[in-house]
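Given below, in the form of structure tokens, are the structures.
In the two complexes that follow, subunit A is the common piece, with subunit B as its partner first and subunit C second.
Right after this comes the complex of A and B.
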């Protein structure tokens, strides 16, 4: 794939905390709609987005079991984006900052998500058409 | 001249820093750069007709193109008719297009 069709995103928001996470995933989806390859460098709390042991839960207050609650999990959204990219034959790469992973103990991630460090962000940004950094503020 | 797209996620009613963010956008526009704004999340709230949002109003009066994310509006039960004049509707693809055009895309 030409590097002219690759975009890099740096993201630091943890799962289940902020509307930014929703917007971020919508943005990745929009990139795939344009047949653009996506590279994500996740750091700080965002390394938990791909954590394999996320579990859906029910809502006892509202009397709903896990299936009825349909609690969204970010690891499933990542997988859905991976599958969309694969169906469109475009790249979708995801690297978690290793130090941030170790701090949080979220080493076990879903397939297709790797471990790296700031040099990977540098490489991603250097090779991409453009890079967007989404801070927590 | 540079091309800028600001993604404005913060609103002036809960975030003091938006005043400086809107000032920066206006200054870049006044300096002759090609500047546009996409309002997302709570950033869409000052675009409501009648909302007191001096910073955004100044950008609109100055001719800065401003768009509101349709998804963020729908989440807040806002429709196009609820928006101030000159605020357009958009989705997030505008961000991807700006990035592909090598614009400076900045998250606020």
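Right after this comes the complex of A and C.
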């Protein structure tokens, strides 16, 4: 059964390399703003978005240490969206493609992000109002 | 629910993943009971006329042993009940219009695409 207030996203881009990643996260944020539940299937490089060992760094060119630079990390964005969804009492689910995780060695992910496979994407899509796929280019 | 998988990117990840990841995704979801259709468009129409396995990559002493086998993957997708289409004009623009299509792959004219899109519940553009 599909739910009008759920959107599914299938995303392939890794952290940092593509402007699509920012757009993807802004779309998730906008959905939550409208009290629409979000389900994400992270595929290929996107499984690294939730990698728990991402570390901020300073930037000598910017003249800032790590704390001052406050480098954006996608794991923090996911956590922020999880917290936003929880505060608004709407769903926010995230499943990484397990095989994609294994081949990249990014097994340690932040809390709230699970491991699965294509059947989960099919289930997510079947239960959502619609699905947006964002592949790499 | 029926989903149309539109594959426009050709040879994305085929060396390192040893398949096209969207064909793989489609086969996997089909195995989980999904109703799917595949449309090859743009450069991906080349998949429809492939006859050979991808050459193995060799780097120094490292040699790939299981390179992508896209003709097999498409044949098995068709055999599993997934209709596979290739855009006729995209084939012709690439000089592939006169080549025989893989068994089970159907050509489709651009003007017929709206009808194909109307047949499905969701369109996933990859």
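Operating definition for what follows: the second predicted complex is superposed on the first by the 135 of 137 C-alpha atoms of A that agree within 3 Å, B and C clash if a C-alpha of one lies under 4 Å from a C-alpha of the other, contacts with A are read in each partner's own complex, and residues count from 1 in each chain.
The criterion applied here is as follows: a residue touches a chain if its C-beta (ideal position, glycine included) is under 8 Å from a C-beta of that chain, and two chains touch if they have at least 3 such contacts.
This is a predicted model, so every value here is computed, not measured.
Trainee: For A:130, is the partner it touches subunit B (first), subunit C (second), both, or none of the two (neither)?
Mentor: both
Trainee: According to the stated criteria, A:19 is in contact with first (subunit B), second (subunit C), both, or neither; which is it?
Mentor: first
Trainee: Let me test your reading of the model: by the given contact rule, A:7 touches which partner, first (subunit B), second (subunit C), both or neither?
Mentor: first
Trainee: So, does A:73 touch the first partner subunit B, the second partner subunit C, both, or neither?
Mentor: Neither partner.
Trainee: For A:121, is the partner it touches subunit B (first), subunit C (second), both, or none of the two (neither)?
Mentor: second
Trainee: Looking at the overlay, what does A:33 touch: subunit B (first), subunit C (second), both, or neither?
Mentor: In the superposition, A:33 touches subunit B alone.
Trainee: By the touch definition at the top of the document, which applies to A:44: first (subunit B), second (subunit C), both, or neither?
Mentor: Once the two structures are laid over each other on A, A:44 reaches subunit C alone.
Trainee: Touching subunit B in one complex and subunit C in the other: list those residues of subunit A.
Mentor: 130, 133, 135, 137
Trainee: For subunit A, which residues are in contact with subunit B within the complex?
Mentor: 4-5, 7, 19-20, 23, 26-27, 30-31, 33-34, 36, 129-130, 132-135, 137
Trainee: Considering the complex alone, what residue numbers of subunit B touch subunit A?
Mentor: Answer in residue numbers: 9-10, 17, 40-42, 71-72, 91-93, 95-97, 99-100, 102-103, 105, 107.
Trainee: Can you name the residues of subunit A that touch subunit C in the complex?
Mentor: Its residues touching subunit C are 2, 10, 12, 43-44, 117-119, 121-122, 125-126, 130-131, 133, 135-137.
Trainee: State the interface residues of subunit C toward subunit A in the complex, per the touch definition above.
Mentor: 1, 3, 9, 12-13, 21-22, 25, 28-29, 32-34, 122, 124-126
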